[in-house]
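In what follows, structures are represented as structure tokens.
Each of the next two complexes has chain A plus one other chain: chain B in the first, chain C in the second.
Entry: the complex of A and B
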């Protein structure tokens, strides 16, 4: 719904806000936008306050946030639960490596970015076509996506021999593919290689842009259709919507987002291995999105940053608790949230602030009533 | 497993026998890996993503007593009991909250799966010693097959299916359980304790997972905490291909999938066999979204409507 409801916002800022806000996202108040701007600004000055190693780690969290956004978008807004978003993430990562290594030039990296995102997106479209036009139902979709990821895991893990190479790129089997180029901007001598702080800023800009773009999308006409499909497929079909097509489009966009994350991830470490398709990694997006709140894009990003930060902290062990407990804690967190906070943390917080506001306005109403006693 | 020393493409009577044994091996594995998951899915609609870990508890419950000196058949009972007790605990504390939220039940059981496999790693280390398969093997021509995996386990698989058929069609419990699945409201009105039916059904599914773990403990090679996913993938694929009916679905899916898996493995190696199985599953899902048993149900209904 691009048209403004109150009809009064004619300024540019007002029009932009109209498109970003709606019933499908949490956080429409001026206070929210101030908070959002402060948070982005804080992330922007973060590199000046800490050491390069922490920045490199933080870049990883930002790259993984794309994966969280992609699952949040398809699960939270269209009700399609995929356990295999990592498949498109990994396909894009491998494709970026293969193309980037073979065309070792700055232009080659550009081609690799486009090619890798296309590879991830097209795989999502293909799988989506198979599932949604085949009439595959909800739990089956979840299983299919997980099986696809696990198949890729098995397949890539056995590509160890030298015969498994695409041009100059060795797939590397279980040990993974090395020497994947870093992202570069520009052509030839003047090209800017995005590493360390540069990559961090590129990720931050891309992530904020994706978040705002998704907000516009889910609050628009198409977003309303997505939510209708989530709430009641049969009724949406009765209203004349092509439900399989809507799901296919949603799934493809989700695949594209995961693919963008995969490209960043592969170029971040200059490395990719089959564990991106494995069951432990496939579980992480589900954990982030469940904890943050599946109907909150910002919650998904926040939970990704927080949980991944926590996992980095645990990887060196805290006191008697060694690194091997990280996965137990993550699994336990998932179980606890789904049992006790089924909507996730951010939607619950939003409900709490709403309740608080209501209580306050009730109280001010009741004090107003005592000040002006009726006869 | 089958050790082929001759070139497998030259067909002889021996290679046909080897192919048959490969088929039986694969059939037994798929039926046993699937049946516990299929009961819980078919009867309750819940997909238990911790199914692989339930099987793993059966494996550990067998291997630990065995390594402590308990004879194998007795140790196997330990595996079944461990998985059953665990299943009842999980149903009472977690799964019973999710009967009307199926996607959430998948997420919750996945969280459980992560916790269980990681805890097994922490407590028992990265692997347990393997147990050698009993019953030895039979050699014919250039081939040899394990009797335990290719003869005994497929027989057990068939016996389990026959037993389940009898349980659900011939006993009072079976009729009550099916009534609960068909129409919980009416079943409650008729005096059936539906909560108890769900718990018992889940316990049966867990016991079967434990049985699978116990039976495969001596056939797995090294016992590691991530072996759960070996079973999980086969079980998922078979449940999806078979559809909601437990016995018809499991039997038909295992039959179809093992033909492709065995032929692919026999001619081109286990990796191709595995890939072929998954490709067949994807194609089957595209053609029959409700699985083989769903298709048979529809077909039966159409025939009845025509009459």
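Entry: the complex of A and C
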């Protein structure tokens, strides 16, 4: 879209950038892309600089980042605040476990991945259909999504008995489902099991690809439509847009992203339990996205990595501060951001950068004017 | 009532013939809207001919805005039918009605405050298959906002927002343009700008239905005027006749005849 307005770039790189850049994402300068490449490279060499345990922890942060991307996409761009994105994350995690345990082969893992992502995506589509075509809006969407997660939490917690099994997979109630297979790449004996560093790289590649894909989406026509719906639903309808349908598509894509995260998460720990549907976990995506910036996909990822790293640190206690303070500190962070940086950290940083740049160019213009007075 | 009421709109060709006799673009048949015990629109038979600028006037509470919202589908009628260009709109969703060639601008400006002027125009424009760059440039010229194309809409004045919103509605290239009080709260100069904008679009063949209070403005743009009173059509005719009509002056212009 921006290409047709700016006249378009002819080089391949220029065309790629045209698709990735636009009014709906922060960071369009060459400096941004250099910084982005450096950050990705740093994450890529990270496993060589630290111990395996840290990498396993980091893989968890990367898996959770999909949840953050999912909420950022639907809330930041279409104005749909879901407090229950964890529902689709958890449904996919359980589905991956159930299918993977029953089909214990490398092909089975592939089937489980597809089945689990489909399960999460279709759940989102179904819930979205009833909400958006039923005229549920704004705060009620938030409440309804949270209720769905909490109902799943309560339901899964009571599946402890041995009668609660799907084939060979015991649901396990509060104790959760164990022996969920790891992800594998390829089929048969040559298949590569993704654990430790392998899983870390798979996550990194998938996350970068998802981020770039979402950038293309939000900077294209569909992104403009989402923003129009976010800004003014009634007016957007009178331009001929089918607003419930747009929101359903957005919500379904969000569900798919959360589901991808859920599959990674279940295979990462080979384990899933009902706390993924619980209120403490359900609140975390809202915190990550609020802190990073609702309208910044990269901010959402960055905030997830930083906050989860901080929570890991706090869980072993820092000095006199014990692990019981971890969630309190995260809550305080949320309040602080809402009060002082309502748009989130990354959008504020972007504004500051713009202001600095403007000041600098003003200064250079004024010096140029004094040095070379016009005739 | 002066309009023929037996036009069988259903049998009209979907695309109006060019030249020759005028044809009906929009017609309502016994259109009624009740709000509880109040009948806001009462069995209205009303039509707009292709290529005209029709103004709809009437005292507060006459049902003008309700009629407009029935046409766009924001309200569903208690009874009666609405035909547009040979299509029965009555049971259609708003967004589908827009696709048949209707565009609307409501009274208070509803621009996307956080988007730039250009992005505001892109939102409706991207739904059409028109040449984006060309239509953008034309529209920006037409609404005299070319020099503000990159500015956020929240920085525009009231008059500029109204112009922008008319521009947004126009990018859809509608057959019929509905405007609800487009000059409410505007200065004399701003009003004149809107009038010339409407006239230039009219010269290009666009049909208008304008709800308006400001009679000076109506005089600048209108061919025919329909007076609505208590949900019914009270008078219809050329502006001079309407202004001279003593009954109209009594109910609407507030003069004691």
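Methods note: the second predicted complex is superposed on the first by the 368 of 375 C-alpha atoms of A that agree within 3 Å, B and C clash if a C-alpha of one lies under 4 Å from a C-alpha of the other, contacts with A are read in each partner's own complex, and residues count from 1 in each chain.
Just so we're on the same page, a residue touches a chain if its C-beta (ideal position, glycine included) is under 8 Å from a C-beta of that chain, and two chains touch if they have at least 3 such contacts.
Treat the numbers as computed from the prediction; the structure is a model and nothing was measured.
Engineer: For A:221 in the superposed arrangement: first (chain B), second (chain C), both or neither?
Structural biologist: second
Engineer: On the A-aligned overlay, A:234 touches which partner chain: chain B = first, chain C = second, or both, or neither?
Structural biologist: After superposing on A, A:234 lies in contact with chain C but is clear of chain B.
Engineer: Check the residue A:361 against both partner chains and state whether it touches chain B (first), chain C (second), both, or neither.
Structural biologist: Neither partner.
Engineer: Does chain B (first) or chain C (second) touch A:243, or do both, or does neither?
Structural biologist: second
Engineer: Looking at the overlay, does A:29 come into contact with chain B only (first), chain C only (second), both, or neither?
Structural biologist: Neither: A:29 stays clear of chain B and chain C.
Engineer: Help me check something: in the complex, which residues belonging to chain B touch chain A?
Structural biologist: Result: residues 47, 94, 97, 101-104, 106-108, 110-115, 118-119, 121-122, 229, 233, 236-237, 239-240, 271, 274-275, 278, 281-282, 285-287, 289 of chain B touch chain A.
Engineer: Taking the complex as given, what residues does chain A use to touch chain B?
Structural biologist: Counting only chain A, the residues touching chain B are 81, 83, 130-131, 134-140, 142-144, 146-147, 150-151, 154-155, 158, 279-280, 283, 286-287, 290, 324-325, 327-328, 330-335, 338-339, 342.
Engineer: Which of the residues in chain C come into contact with chain A in the complex?
Structural biologist: Spelled out, the residues of chain C in touch with chain A are 72, 74, 93-96, 98-99, 103-104, 106, 110-116, 118-119, 122-124, 126-127, 132-133, 136, 168, 172.
Engineer: Can you check the complex and tell me which residues of chain A touch chain C?
Structural biologist: For chain A paired with chain C, touching residues are 1, 4-5, 23, 221, 224-225, 227-228, 231-232, 234-243.
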